[in-house]
Amino acid sequence: MKKRTLIALAAVWTAALALPVAAQNKDPIRIGAVLSTTGPAGYLGDPQLKTLQTYIAQLNQDGGVLGRKLELVHYDDASEAGKANGFAKRLIDDDKVDFLIAGTTTGATMAMAPLVEKAGIPLISLSGAVVVVEPVKKWIFKTPHTDRMAAEKVFEDMKRRGFSKVGLLSETSGFGQSGAKETRLVAQKYGITLVADETYGPKDTDTTAQLTKIRGVAGIQALLVFGLGQGPAVVTKNAAQLGMKLPLYQSHGVASNEFLKLAGPAAEGVRMPSPALLVANSLAANDPQRPLVTSYAATYWKQYKDEPSTFGGYALDALTLGLHAIKAAGGTNKEAVRNALEKTRGFMGTTGQFNMSATDHMGLDLSAFRMVEVKNGTWSLLN
Amino acid sequence: MLTGFLQFLFSGLTVGATYALAALGFAIIYNSSRVINFAQGEFIMLGGMSAVALTGLGIPLPVSIVLAIAVAAAVGALIEKFAIEPAGRADVVPLIIITIGASLVVRGLVQVFLGKGTHALGAFSGEKPFVIAGATLLPQSLWVLGVATVVVAALGWFFGYTRYGKAMLASSHNMLAAELVGINTRSVLLLSFVLSGALGAMGGVLLAPITYTSYDVGIMLGLKGFVAATLGGLGSGMGAVVGGLLLGVLEAMTAGYISSAYKDAMPFVLILLVLFFMPNGLFGAKTTDRV
Amino acid sequence: MNKFSSSTLGLLALAAVLLCLPLVLPNTFYYDVAIRIAINAVVAIGLNLLIGYTGQISLGHAGFFGLGAYASAVLSSRYGWPSALALLAAAGATALLALLVARPVLRLKGHYLAMATLGLGIIIMIVLTNEAAFTGGPDGMAVPPLVLFGWEVSGEKSWYAVCAAVLLFITWAAVNLINAPGGRALQAIHGSEIAAFAVGVDVTAMKIRVFVLSAVIASVMGSLSAHYVGFITPGIAGFQHSIELVTMVVLGGMASVFGSIVGAVLLTLLPQFLSTLEGWETVAFGLVLMASMIFLPKGVVPTLRARLRRGAA
Amino acid sequence: MNSLEVTALNKVFGGLHAVRDMSFEVRKGAVHSLIGPNGAGKTTLINLITGMYIPTSGRVTFESRDITGLAPQKLPGHGMARTFQNLQVCMNMSAVENVMVGAHLRQNTGLLAGLLSLPGLRAADRACRADALDAMALAGISVYAGAHASQMPYGALKRLEIARALMTRPSMVLMDEPAAGLNPTETAEVGELIQRLAEQGLTVLLVEHDMPLVMRISSTITVLNYGKKLAEGTPEEMRSHPEVIAAYLGAEVEEHAPLPAQAGRAPA
């Protein structure tokens, strides 16, 4: 074993193991975050982390909260629920954080749930599935709309257009499958029968096979695609390629300008439920959400030269909700902060108006969603 | 019902052509070094992503494409120089881990510099699909199939009729014998990585307009390329092409006729069945133990 | 210092470390890391019997880990089986699948064997993802706590005790096997299959037995890990996890039981230290993998042992 | 009484008729040598007998039991052991362990038994280690008792393989060029070893190129050429047999004048 190679290897290992561990000091309000900034859900977690970092820095310049500086301790769970569980334990036991903003994906949130409930520390989740808050868990709240709400908003619009035979094409990811489950549940409530039920893989590069099958279903009037990332864009382009005239609905998962860029002209006429953030400029002047969403969009653009995504908005709301509760509780006592969170009413966030209660740890209603349609390449608000 | 079948066939062949290019990349490297290059998928990703990044800087599409292929070829050379060569005569498992490490480094760098979003590359010649008996075919698919055939033919010529090509084949059968007759096997290994890097990038660039690209598309495409190469018989060029096309078509048929949920499982079920009955793949060379 | 006594020394050292650790660990987070290391080490030791000692490759062993975890979870939460029984049933089911697949798979050699096992692992993960009715699909499912003979194992300290005991037992058992006739037959297969034939070893049968053994060990640890974490997602059966397990075996040292433990320690700690690298973790993890395989092809423990022996000689 | 009988054995690899209608017997306790120029089919014949290759036609019986085409791992059970032309030693194990593996069929090789190190097993293992050391002593490599296989020279490894074969307690051993690559003193020692084993009643079938060794220790010699039996008999008969000399020195020698006596050059 040549001397030189052994030293080189020792250097690699000591460099990896000797990284500075965050200094501990008592004062600041410590916010723990476990987000997926790499792996399949990486593009969801990335804007969430950037939003937290930007706003915490800004708040610290304005003197922090209750005169205490804010400190963010973040770990990346690489879209793996097992790692999220491990890092949550590190935040609770080792870093001793005051509250958690964690769980880009539903899987990660549910993996941390048993820990949080046992340790007794508030966690605000950024994941979409309704299972996060149903049945209600004492210490767990969430800011994103649920997939059930998205399905209901879509079915409301379909009923108005007289559609009753609808197809469902869902993604085999956490978001897609729980969305599909909720869609199947609420369909009858709106007198809609699902005449087709197909799936596609999150990283699929071609869905013409599934679409050809759906197109062949007799009497089908519309298609709901439940997924996020590149999948729905591939479906939209394939539908155009096949010359399908079927009205196409998407989930709030793709309510972002990235979808327009990817789908291109094929997206014309596509409808979806979307948070206010996407159509900030076309909101009515007196709309209570307008100032919030426009300032968030401006702040994010100034910092990253990129449009904010709805998923980043969930993180901002979680941060403001958490700090609002700490102010209301006058400190970072976990039980007090939890109670304050539960009593939050009429709180305006980028996602919508939060009216929490002992039985509803999300507090959003259908008004938080706006139906939008793609008209000549941009989003237009439908009322 | 014909339109359905034709549609499945077209989409299968398009995706299959990329699997074939990836499988060829595997075969070339396996041939000259017995290394299974798990970073092959990242070359495909690198092709697509660098083309998107370059066009984003305003560089015209054709130039961006050539540069993207060059970038992937250069990365292939770097991996060979700094990972495969220092490893020397390591055996199968450590070499597999080294190439996986290399794929992590490539993916990590692209993720940091080109971000995590999904990108699309403009189609080479428009988006208006051709309609054949009800089934539609994108012009880009023709580009994929056309370029793939040209590349396969060129490789057939290179390995069959040029001195350097034959040198590469010789060193794949017996590294020592090749060295004894004066073939610089080190540069053969380097060329094989450069060539398969370029091949992978070509596949990535061709497919990007149809299927988008992001920093992590390489993982599944690489695995499918490995399945296609093994299906055809490791190290056999013909096997790689046939394996790739067969895989793409069968995948589309599974999605169409069986269940779209198990589309991704099909290649692996297929490879298990093939290996159970033909332990050396469809065209792989039979090897008997010499005692 | 012949091989046998150095292993007893190793066993005593391991026992000592496992006993003293609780005095040193500052809070339950460090227990959590120790527990994950113990679980990974046991799976790595089982896998090392297959890869290091018998010379067969498996790039899909996380599939058996995931199968054990999900079988245990489904049986205990959806069908109300007592968790100990569910764990054994899960191990039985995994053994059956491993047995079914082993015969055709183990006829293959080198890269084809790597491909077949890789495919097997991915198929298992896709099935776990798609059969949402049982497994809760991609969002995973909750797992009730482990009840061993009436004692509900909860809290880091009791879990640490269970996992440390299992690690000590498996290390002791693996060292026994290596020095027993069965272990020697496995190593003979790795040395030269033809020599093994010549002394009457039924090579295929032995390969199948060690494949099933390592699959069962992975399944049992999958079940334990599921009960410990309390929530599982299909990702635990994925390709990434399989590669981590193989890297632990190879980095620690092929054909070295204590090497697998060292490999497990290094690979489990690494993400914790790399987590402060903000976005560069993937690059760093890749570089560490490559550097270790290039500079330490024989693995950490065998290289140190060779250094020691050369130093002493 | 014959321990091995080969009748009308044929093996065809594609176009090549490697072994052609081969019949011969090996008497119990004899040292029977198979000689012939390179490519005569000697190793193929051994591999056919020991089940490495499946015969195209013909029959092989060992101690009056038909073992034609029997799987190689079944033969040690019936008392037949072998060594190999190109060394088959497990370099990942110590010398003693290599020899102990020879006792595989007599030991409890269950994995569970091994894992739990059941009481009987540890005692049996100690006995097996002692037997292995005896076998190594017999083979004249006791000096390597503590060594690892990878540290041993080629000559010692050749004899390690013999020791391993002996550990299976065979009644017959097929040795494929045991003296290949050995220096003269080592070759002499192997010769004595084979004779000692034959005296203890072991039947030996030897494939060897070292003529002095073959002539000194063989009781019968069979000469092969192009897969056919050319001649068979005692060493003296073979020494002067015209066809054997022709086969070895090549037919064209016949046309020129016979070679003067001191033609051979000293070995390089």
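Going by the order they are written in, the chains are A, B, C and D; count residues from 1 in each one.
Please note the rule applied: a residue touches a chain if its C-beta (ideal position, glycine included) is under 8 Å from a C-beta of that chain, and two chains touch if they have at least 3 such contacts.
None of these values were measured; they are calculated from a predicted model.
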item: Touch-network distance, subunit A to subunit C, counted in steps; value: 1
item: Maximum centroid distance from subunit B, chain identifier (CA atoms); value: D
item: Rounded Å distance, subunit A centre to subunit D centre (Cα mean); value: 73
item: Whole-Å gap between the CA centroids of subunit A and subunit B; value: 35
item: Euclidean distance of C-alpha centroids - subunit C vs subunit D, Å; value: 42
item: Distance from subunit C to subunit B - Cα centre to Cα centre, in angstrom; value: 32
item: Residue numbers of subunit B (touch at least two other chains); value: 111, 219, 261, 264, 291
item: Of all residues in subunit C, the ones touching two or more other chains; value: 130, 194, 279, 281-282, 284, 287-288
item: Numbers and ranges of subunit A residues touching at least 2 other chains; value: 37-38, 172
item: Touch list for subunit A against partner subunit B, complex; value: 37-40, 42-43, 46, 172, 198-201, 203-210, 212-213, 216, 229-230, 233-234, 240-243, 258, 261-262, 264-265
item: Parts of subunit D lying in touch with subunit C, wherever the complex brings them together; value: 50, 52, 71-77, 81-84, 88-94, 97-98, 100-105, 107-111, 113-117, 121, 124-125, 128, 146, 149, 161, 164-165, 167-168
item: Footprint of subunit A on subunit C - complex, ascending; value: 26-30, 32-33, 36, 129-130, 132, 137-140, 142, 225, 229-233, 235-236, 240, 266, 269-279, 281-282, 284, 287-288, 291-292, 295-296, 303, 306-307
item: Subunit C residues within the subunit B interface of the complex; value: 51, 57, 59, 101, 104-105, 107-112, 114-116, 118-120, 122-123, 126-127, 130, 194, 239, 243, 246-247, 250, 254, 279-290, 293-294, 297
item: List of subunit B residues in touch with subunit C within their complex; value: 30, 36, 83, 86-87, 90, 92-98, 100-109, 111-112, 219, 223, 226-227, 230, 234, 261-262, 264-265, 267-269, 271-272, 275-276, 279-281, 289, 291
